[in-house]
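What follows is a structure written as structure tokens; I'll ask about it next.
Labels for the chains are A, B, C and D, by order of writing; each one numbers its residues from 1.
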Amino acid sequence: MAEKILMKGNEAIAEAAIRAGCRLYFAYPITPQSELIEYMARMMPKVGGTFVQSESELAAINMVYGAAGCGKRVMTSSSSPGISLKQEGISYLAGANLPAVIVNVQRGGPGLGDIQPAQGDYFQATKGGGHGDYHIIVLAPSTVQEFADMAPLAFDLADKYRIPVMILSDGLIGQMMEPVEFQPAKTEEEIEELNNQHLDWCMHPNEDEPNHHHHVINSLELDPNKLSKLVLDLENKYKRIEENEIRYEEFNLSEDNEILCIAFGTAARITKSAIEELAKEGKSVGLIRPITLWPYPYEAIKKALHKNIKKVIVFELNLGQMIEDVRLAVEGKVPVKFLGKVGGLVFTPEDAKAKIEENL
Amino acid sequence: MAEKILMKGNEAIAEAAIRAGCRLYFAYPITPQSELIEYMARMMPKVGGTFVQSESELAAINMVYGAAGCGKRVMTSSSSPGISLKQEGISYLAGANLPAVIVNVQRGGPGLGDIQPAQGDYFQATKGGGHGDYHIIVLAPSTVQEFADMAPLAFDLADKYRIPVMILSDGLIGQMMEPVEFQPAKTEEEIEELNNQHLDWCMHPNEDEPNHHHHVINSLELDPNKLSKLVLDLENKYKRIEENEIRYEEFNLSEDNEILCIAFGTAARITKSAIEELAKEGKSVGLIRPITLWPYPYEAIKKALHKNIKKVIVFELNLGQMIEDVRLAVEGKVPVKFLGKVGGLVFTPEDAKAKIEENL
Amino acid sequence: MAEKILMKGNEAIAEAAIRAGCRLYFAYPITPQSELIEYMARMMPKVGGTFVQSESELAAINMVYGAAGCGKRVMTSSSSPGISLKQEGISYLAGANLPAVIVNVQRGGPGLGDIQPAQGDYFQATKGGGHGDYHIIVLAPSTVQEFADMAPLAFDLADKYRIPVMILSDGLIGQMMEPVEFQPAKTEEEIEELNNQHLDWCMHPNEDEPNHHHHVINSLELDPNKLSKLVLDLENKYKRIEENEIRYEEFNLSEDNEILCIAFGTAARITKSAIEELAKEGKSVGLIRPITLWPYPYEAIKKALHKNIKKVIVFELNLGQMIEDVRLAVEGKVPVKFLGKVGGLVFTPEDAKAKIEENL
Amino acid sequence: MAEKILMKGNEAIAEAAIRAGCRLYFAYPITPQSELIEYMARMMPKVGGTFVQSESELAAINMVYGAAGCGKRVMTSSSSPGISLKQEGISYLAGANLPAVIVNVQRGGPGLGDIQPAQGDYFQATKGGGHGDYHIIVLAPSTVQEFADMAPLAFDLADKYRIPVMILSDGLIGQMMEPVEFQPAKTEEEIEELNNQHLDWCMHPNEDEPNHHHHVINSLELDPNKLSKLVLDLENKYKRIEENEIRYEEFNLSEDNEILCIAFGTAARITKSAIEELAKEGKSVGLIRPITLWPYPYEAIKKALHKNIKKVIVFELNLGQMIEDVRLAVEGKVPVKFLGKVGGLVFTPEDAKAKIEENL
């Protein structure tokens, strides 16, 4: 068993990405994800990788586009305003069926906001911050360990479906130190194999390969019939992902639950503490924690809505965004309540417990 | 009564904006909204206004931020990819409580896509393409006349609530010529008055005013308690807007309807033709056309779901985006069906009629 | 006679430019010329002009290109590093025969340097900081009054020859306050007339004019024979300017001089004080102060080299740049000595006097 | 002896740079140097180096600044307008005493000009295209072989003096194919050694080194006394370079010469053909070909002006730029004549021969 190392979340995700075979990283600095870019700046040269602190967030996401078009494992990261600047590029990546990993260590917004943790970018991440019909896979970690584990997962999903994958973290998980156990680093041979898996569509120099075909990476298709075909192909891909890749955690679910909580990431972590406290008092409350925010575990929530459930409570570090997806699952069968904090404030386990108790 | 002028939608919205007192316009060209920027380039100097073709879409939205911070009626416009580039700026405008008008003449996406009409940016417009908790008012025209009428409406709403307002049009309405009747142009005195309405908070040179207070326009607040307060103030504003500004059109609604259609913009226009055809055949089908996409007419839809309604059908020029808001209103009471076209393709009245008939 | 107003040089040049009919100004802020941009920001709206603080120095110079292409009096300003960023644009303006005024309030360099006065950009200004064969007219003021007077002169020369004109000032003249008497402001009619003088070549909306010809403003000509013709036409223009527009000041020149001093701008001002002191002591020293740095007064220097002149001394706030032009004029006939200060340091009248005395 | 390979100049300089240990290259494409960037794009990954096609020329030169600040051999390249965009960065590199190699494959100008060969950037390269007092070493090749040989020379000079070195080529040498013999490629150990030579001043991660000192790379010094000291240190360095690094070629110099020709790069190559033709006819004409354009071989020219020389003729592919440096050397002792072509046109050996004959 591997040793556990005490690390900040921002460093853990960087280390895990390198171990997962990421050798290209392009970003522009922003708090509270700066340790991530700093770790990459320090380590990429040591593993023969490429680190570029680009001129801007736009330059970074377009460098990601270029590297992804060459079939390489590539990552960028930023925090909320910086992620907004990448929305055009994300839509382009999605439209061109390119695999890439984007980390958002969310801070309080809107606008410049502050540098405290928040979950205010849920809508942007899951409903298409960019233009046009597209989806990206969105993964939401709630511990440093899970943040690190999501690096290989994100790259695998990105490669499998040729789709951008966002890891939607927040300033708390990014800054917090926890012991992390890493998966073994990919060997050079394994990375070579990963890079070669895309040779049938990606750009690459022709001299290295017999039967070379010239590939074009593009999201432009001026013939609407052809573009329509491309978008319908995207839709089919999205359906396959919805069928196969929904991930969530069930916590303390039982027929005794009268209240079902839904929360993701840091908010879920705090809500669990409240549920554990309530359990000690003999009060049975369940939690579903979506791990993929897109595709969303609508069915898991529907299934959990057994006859004893009187209410659903959604906990978020925003004004109420995921609650829409919860309401789409609940379809008015029981009331859906909400506890939120904004501006970088984080509700406490006591806040969550009180909210649950007032609804019991 | 004013004369009707045959004009392209892109020109009509430009002319209407100038008549509404807009004297500042910043944008970067993109098809299919180029006639808008060209009209502004030609006319702004003639009315003593300022036109800047900026270095980029980012520059344009940040110039909008600057002008809005001075309390002036200011507009920008673009089409889908260009609107993605403005998302950081839009979040900043929202966070700083600034009035501004943004026109999106949508094209097929994602990515570069094509230059044909589409409605693929519904999610981006209504669910926060930018980061953080915020809303902008979104208006969706379905004729050239309505497009033009939305200019004064958008500026009035922007000023009233100090909020960015997006007019979410598409390439069809932008390019189509229809006779338009304009509201009278604001006089210089009226514009002066409009500009002065914001003197209590906006930036302006101190020498012109007794008892001058120094105003700071900002979306940065590093103290999370204060930022939380700002965001909760935003939330209160959004509630007032939801209470007062929901707009929609009811078309052919009656107790006889067995099917309720929901569509906006160009899709609504086509659906109406289908409904009219069906009416000639004695088939009663109703339509709710949301005019404000945010705030959304959930209640109007709920109210229209009388006991005879068997099904709801949503028509969109995308893979299904507004359908989520419809489903939030319907809450599973009846099945919600969908007809969409993507990639710049537009369904015909016959397509819509067939879709309705197969559900009757 | 007009009233004298006590003003900073940076404000005086701004006011003078507005009076000269400049209604378009684009710039990005930098010390020590910030008062200039601030004055423009405040005053341009009051005179119906356009002020844009652009996204960058590059954006500003390209906005100047656009406005100049429309035949309007347009100005930008910056300080040393910002002027470097404009070099591509300046070459484009020159190549397209466009009139424009560029103010450089020089600071200490190279690189970021400091914000103290310097004359280190002489080479850049006079020998083509940009690429290709071109010249711009360069004017060097040595008082606030002269700085102000150069605004109308620069615009007149720019218009007359369709050429960019740089006013090469420095942080001392920019920051210093002196009483200034302004030339009368151009009336709206006069500005209209100025704007109309370029209608035969500039871009303008066709509807305003009978017999409209479509004009193209460009510096691209892929046929080398045609490009050669364009460059030779430029050369002819430069010859006409050299024949007609050389300006310089003779100070204390006489047959008694044994030493001839050459200095421009702030350096000349200080050298004059030294010469006046020496005159009180009965020592006759002359000065030629080039006012146009390009075209350069080679002949005036040659003419002043009468048989009694034993030495020439060049005074500059740099490591020795103009001295090359002086040596081109002197052609080895007498020794050419040099006193310079760098890094934002300014030599004193005593320094200059001592330098002269050690050569007497 | 190494094999000769037939290559374009643009490819030869790229290959030679890699062999010289350059593992970092940042650039934005422009004709006529595109083969250079393409070669680097293809080869850098194969040698474990980093290639970035940056967002702009500005981004590229600032990436060069970053890499140079880490003590690595780094290169950028462009053609005339793109080099203008790098002038701020070049001044920063010079001000911060950073080694770097910049290749300019000149095209016809000014402005966009054309894509044919020219020498119109002589002034920009040698007199400081950027702001402030600084020099860069400028090397001018006249064959593909010399172009290639200049890569190791340029890196060695850059490292030795911590100074930017420009190789001032033109479209003819860049596009022409000639057989090239390369110097042996540096081994990994030699590159490691090269990279380590700057550890006493450059930025590097502290963990790799005992007695680590924190280094700051900067061109900002707000105290004018300290900045003055920095600039005077630069001046001392420039003097050492002038004493040690002047390079030039003497061609057919003899006491019989009545005419001395001066030309560099492509112009020199053509002039040599003319001189050889004249020699066949028994006419003795000499040539000095400056190889370093800064520092300039003034003394070599002075020395060559023996009593039989009646005239000096300067040949350039511009309107006459280097002629100023020639005149500084000649100091009026004999007439200085000029033959130039502009706009991408190139004079022929017959043109040069005729020019010489009309002055014999």
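FYI, contacts are C-beta pairs under 8 Å (C-beta built on N, C-alpha and C of every residue); 3 or more make two chains touch, one makes a residue touch a chain.
All values reported here derive from a predicted model rather than from experimental measurement.
Of all chains in the assembly, none touches subunit B and also subunit C.
Of the two chain pairs examined here, A-B and A-D, it is A-B that is joined by more C-beta pairs in contact. Spacing of subunit A relative to subunit C, judged by their CA centroids, is 56 angstrom. Look at where the CA atoms of subunit A average out and do the same for subunit B: the two points lie 30 Å apart. Taking each chain's centre as the average of its CA atoms, subunit A and subunit D sit 49 Å apart.
Residue positions 58 of subunit B each touch two or more of the other chains. Counting only pairs that meet the touch rule, the chains in contact are A-B, A-D, B-C, C-D.
Across the interface of their complex, subunit B is touched by residues 42, 48, 50, 52-56, 58-59, 62-63, 66, 205 of subunit C. For subunit A in complex with subunit B, the residues that touch the partner chain are 58, 80-81, 83-85, 87-88, 91-96, 106, 108-116, 118, 120-121, 123-124, 127-134, 218-232, 234-235, 318-319, 321, 324, 327-328, 331-333, 341-345.
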